[in-house]
Structure formats: C-alpha cells, structure tokens
C-alpha cells in the first residue's frame, strides 16, 4: 500500500498581526499610517533643512559643492517618492477594501502595514521582458520618462517657507510644461508596446491629458492673476489673510476635476480601464518597468493634491504658536501642516475613486471642451475683474 | 566664456541639419519635423542676438516667441492637411501625392 | 429641465453617493477569517469521503461492491478475495479517485453497512494530485481524523475524545429525523 | 562652467537633431526631436531667459512632439522610407550652403549676456510688440479654425 502523506496543516498560514479574527483594530491601522507620514516628514526635514545645514557647516555651498548638495537633495526626494508610493498604495488598498466590505492587506506587518514593501520587492525580482513586437529602446525608455515627468514637479513644490529646490519666478509655467510632459511616457509606452490595447490606451491617454491640460493651465493662470506672481512661494504668501479657495471657488472646482483627469483617476481612468482595455498603456510591462509606471502614478497622486494645497489652501500656513518664523522648528511645523493638508486631499481623491463610476470616452472629451474650458476662461476673467476692484 | 558666435554657430548647424532633413525625408510628417528644427534654429539665433546685443528692448526674444507661435500654427495646419492626404491617398509619403505629375 | 437643475441634481447624486460610501467605511466587514477560524458547516455536508472502521479497529466494510456499481463517475476501484477462514471477503484494494469524484454521495447511499461516509473535511487543496488518489489507508485515516460524519443508515455519528463512536443527539440529525432512524439502530445492534 | 554646459547642451542637441532627421523609425524621430527641443530650452536658460525656456519647454518640447506622435499613429506611418541618392546629395549641398552662410559667426564677439526677467519680457510683449502679439493671437485662431475645418470628416 502506498503511504499517503497527510500534512498536519495543509495550508500556508502567514501570521496575522494586529487582526483579531473576530474584529479589526482601526487604531493600529492609523498608527501605521502615522508612522509612514512621520518618516515622510523626517525625510522632508532632512532634504530641505538638514542637507543645506550640513553643506553650510562644511563650507561647500558654492560651485560644485552646491551641485552636489542639489544632487543629494534629489536623491532624498527619490526616497521620499518611494515612501509616498508605499504609503499611498497601502492606503488605497485598505480604503477600497473597507468600502467594498473587505479588509484589504492584513497579513504582513502590523495591520498589513508592510505589504506594499513586499509587493515592491516582488516587482523588483520579476523578470523584466520586452515583447517581440515592441520597439525595445522606446519601450525601455517610456517608464523612465513617465517617472521623471512626475518627479520633476518636486522641484518647485514649497514644503515650507523657503523649503523648495528651485524658487524660480517661472514656477507656474514650469508646472504647466512638466505636466504636459507626463503624457509622453504614457504615449511612448503604449505606442512602442506593439499591442492594440496598449495603443488604444495610449491614444486615449494622450487625447485626455492634452485636453485637460488646457483647463489646468487656465486655472494656473487664474491663480497667477489673483496672486500677482508666478512663483509658488509667492502664491502661498499671498494667501496669508484669505485662502484662495473662497474667492477662487470656480477655478478651484475646475482644478480638482482637471487634476482627476490628469491623474488618469476614476472617473476619468480611460487609459487604463480594466474592463475595456485590460490595463491600457502599461499592459505589456512587468517587473521594474511596471514599478516605475506605478511609482509615477502614485507620486502624481501626491503632487496634484499638494498643488491644490499650494494654490487654494494656503500651502504651509497654519498656527505657529509663537515660534519664530524662519527657524528650523517653524519650518518643520509648516511642512507638517503642508503634509497634513495634502493628506486630507489625497484622502478626498481616494474617496472619489471609491465612489464614482467611469465616464464614457466621448462624454469625457465633450466635458473638457464644452464645459471645462469655457468655465475656466470665465473664471480667469472673473478673477482678473475682482483683482482690479479689490486690490 | 560663451560668446554670441557659439550660439550663432549652433544655430547655423541646426539650420543645416534641418535643411538636410527637409530635402531628404520622404515621409511628409518627417519633413514637417525637419521644418520644426529649422524654425527652432531661427528662434535660437533671434534669442541669442537679443540676449547679447539688445540689453533694453529684447525685441529678438519677443520675436523668438513669435517664431514658436508660428511653428505651432504651421504644424497644426500641416498635420490637418496631412490627415486629408492620408484619407485620400492612404499614405503620407511624397510618392503618394505626386499623381499630378501624370 | 434647465441646465442649472441638471447640474444641481448631478452634484446632489455625487454627494449622496460619497456620503453612502463614507458611512460604509466605519462598518464591520463580514469577512470570514477562514484559515484561522473554521467555518460552521451543516451536519450533513458532502465535502469528502472516508471509510469508517469499527471501534475495535476491524474492518466495517464487507466488500459487497455496491458502491463501485453505484458510482456514476466510476472512480471507485475495489479488488477482493474470498476469506479462506470464514465467510465473506477480504479487501485487496479499495481506491477512490477523489480528483474525478463529483461528491454525489451515491456510494454512501448504496453502502449497506454504512462503512463509506461523508465527512466535513473540505481542505483538500494540494500541490500533488497523486495524493488525492485515495487508497484504503488514506480513507481510514480520514475517518480517524474526522470528528463527525454522516451516512443515511446511521445518520450523523460523532467520535468522542477517547475514540469511541457515538450516535449524534437528535437535534444534530438531518431534519431531526430521530424516529425514522430507529430501525437503523436495530440493525447496528 | 557655462561654457561646459553650452558644449554639452549643443553637442547633444546636434546629435539628437541629426538622429531625428536620419532615423527610419518615426516614433524615435519624434522622441529625439523632443529631446533636441528640451536641450534648446536649456540653451535659453543659459541665455538668461527663463520665460522663453519655459515656453520652449511647454510648446516645442511637449505639445508639438506629442501632436507629431498622434499624427504618426493616425496615419500609420511608423517607419519612413530611406532617401533617394539625389536627395542625399541635395541635402548635403544645402547643409553645406547653410554652413557657409553662417561661417561669419565663428569667433563673433564676446559680448555679455543680459538676463531678461519674465516681467520685462511680458511688458515688452504687451507694449512695444503689441501689434505682433495681436497678430499672433489672430494667427493662432486662424490656425485652430483652419485645422478643424481641414481635418473634419466630411459626410459621404
């Protein structure tokens, strides 16, 4: 008689930390999120206060030393974007799970808190192949272009007063330019994949992003007209008395809608509509290349809400409790305010994603050209008129 | 020390590349792309002369802006025409639209 | 309907939807934590098959081949030889191909001595299909591991902690059919 | 340092421009065209004109190559046929002529770069060059209307 092995425990059972099988513990989840935000905050402080202080102490703040400092800051920002992606993917999965009567990831780390780290490791370990029908060079380049286009926006985002890489006086124009750029990677990735779904997804993405660029740029101009400057720090400073979302209510609403479309976020997620296009432009990607597309998407999911905060919700402004402005403590506190305001907006974006269904493609374009652009123009004229009267 | 000569020479080289492209490309989209290089070379020449020799008015920079505008307009019209060519002839090469030659 | 009314309705619909979604977040999910918490299965539940031995360890199966004939999927293979010392037959081979079995329990219905029973062990997932070509040892082992099984003749039976087989109380019997099952008890004794 | 930056930007701009006009793969051509225009935007930064650089970035380096990629997809011309021999000859000749025309630029002047702020450029655009500005807007409007009329699918 053949002996049959009967394992005592036939199932692979990963450990459950923080989940009583009978009930969930929301406080543990929130602690995990807070820990991620805390790491984020520390990296921000290190990037914008620590590194310049270090180089100033070493006396390397001129010439190539300055270049080295900027390089170090950019490396730290890359780390920051990795933290953002890890946190946002986790929050997205947990939140959507709750909405859909599930728990989301809960097996690895406290309350599933390091699930996304393992996911990232899995993506790193996967084979990164190029399909036979693809144009190999462009196919390889596309994820990098997408990521760089999103990442480049960090250059002008002010985390606190003076905490910005390039406090340029063409900041807004730079933002418009860079946000146009992110259509590149998507278009190149889809076109070079040699896959019809990817091609359709890329064409949809291109058309959608180019269309929604226009209201987005018009809202940028409205904010510039209202604040009287193209510098992002200047825009935040101009909101000291009154946050912009009150006088600029119409452009604010338009900005939220347009940035949803720019993010390729539900209800505007045509480029990667799973039910129609499998995954759209990134269907042929795997491994590291796919990870870069993913990273870019979630960095943008942080950056566009951050821009909402900069433009309409007073950026880093908040009560300072008597701390002298300009000091390290004040900068840290201001960047914390900025982070928390941004977190609220990210949450609202996720909430929208959990609620709304997808639009139809022709309705999307019609909405952009027939509603968004006229309204944005109207808002621009209105803002200019109010500015003439009031200031 | 960067001088005006550097920029003008670069502009000339880009102009040469653009001309070569206009004359050798057989796909009409590629021809339009070469024209873009030509226009950019011209804009670069304008902007550099303005930056080096016109410290008050910067008329050259304004003109460079105008060149960019013209480039955008030219390209949109050109692509619209090419789309029509594609609809009637099925391709956008120079062979496709040489039927007038008989 | 005017444009403004339409816009207002759209905004109201979106607001209602988002409020509903937000309320849902704070409610408990009805998720079952399966590998950690075993599900409550009904007493009669055809998850797998087992071959019950008597309490003294002797074979309950009389090798009558009723189950092999009853099986619609023909997954039961039995070989036997005549008992040289007494009456009846001895088992050479009793195999059930659990891969192709469709768990109709026709064999359980056919068994005159209620040797082959249905058990509640549903965790049959494996990396090797060969382990599901159950032979007699496997089927006995399954029966020894099971705490509870069912056959139409004896109803639901339980295995106590010291290994004895007992009849389940009437409330655990299917439909509470304690009276119908009485003649079966007489056959057993 | 500015000389190093100039040589780096100029060399790569030329390389990518040459690649754009010679490669048979149209998608790659459009992409290298975009890179050329990025590098030219960098040259505008060297010229002390961030506004011009940003606009170059926005229009020439982003919008136009994306439109080109679109039209490449729509007309299904992913690859371009190679040039004829006489075309190469004519092209080289024209390029040489252009270079002869520009040879006077070599060693031309050693002037100082005057940076121009966006405000100065804007004020100039709306005061000294107001007519040009208006003409440009009319031109853009005409181009938009013309493109729509030309590209519209006709009934039947």
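Letters A, B, C and D mark the chains as written, and numbering starts fresh at 1 in each.
As a working rule, a contact is a pair of C-beta atoms (placed from the backbone, for glycine too) under 8 Å apart; a residue touches a chain by one contact, two chains touch by 3 or more.
Note that the structure is predicted; figures quoted are calculated from it, not measured.
*Asks:* Please identify which chain has its centre, taken as the mean of its CA atoms, farthest from the centre of chain C.
*Replies:* Taking each chain's C-alpha mean as its centre, the farthest from chain C is B.
*Asks:* Just curious, how far off is chain C from chain A if you go by their C-alpha centres, in Å?
*Replies:* 51
*Asks:* Mind checking the centre-to-centre distance between chain A and chain B? Centres are C-alpha means, answer in whole Å.
*Replies:* Taking the average C-alpha coordinate of chain A and of chain B, the gap between them is 36 Å.
*Asks:* Quick one: chain A and chain D, Cα centre-to-centre, how many Å?
*Replies:* Between these chains, centre-to-centre, one finds 31 Å.
*Asks:* Using mean C-alpha positions as chain centres, tell me how far chain B is from chain C in Å, no decimals.
*Replies:* Going by mean C-alpha positions, chain B sits 78 Å from chain C.
*Asks:* Note the residues in chain D that touch 2 or more other chains, in rising order.
*Replies:* Residues 55, 63 of chain D each touch two or more of the other chains.
*Asks:* Could you list each pair of chains that touch one another?
*Replies:* A-C, A-D, B-D
*Asks:* Sort out for me which residues of chain A touch chain C in the complex.
*Replies:* 1-6, 10-11, 13, 16, 19, 21-24, 95, 97-99, 101-103, 351-352, 354-356
*Asks:* What does chain B use to touch chain D in their complex?
*Replies:* 1-27, 29-30, 32-34, 36-37, 40, 43-44, 47-48, 50-55, 57-59, 61-66, 68-77, 79-84, 86, 91-93
*Asks:* Would you pull the chain A residues touching chain D in the complex into a rising list?
*Replies:* 63, 135, 137-138, 141, 168-170, 173-174, 176-178, 180-181, 183-184, 187-188, 191-192, 199, 203, 206-207, 210, 230
*Asks:* Which bits of chain D are touching chain A when the two form their complex?
*Replies:* 1, 25, 27-28, 31, 34, 50-51, 53-55, 57-58, 61-63, 65-66, 69-70, 73, 117-118
*Asks:* Report the residues of chain C in contact with chain A in the complex, numbered from low to high.
*Replies:* Per the touch definition, chain C meets chain A at residues 14, 17-18, 20-22, 24-25, 28-31, 33, 35-37, 123, 125-126, 131, 134-138, 141, 145.
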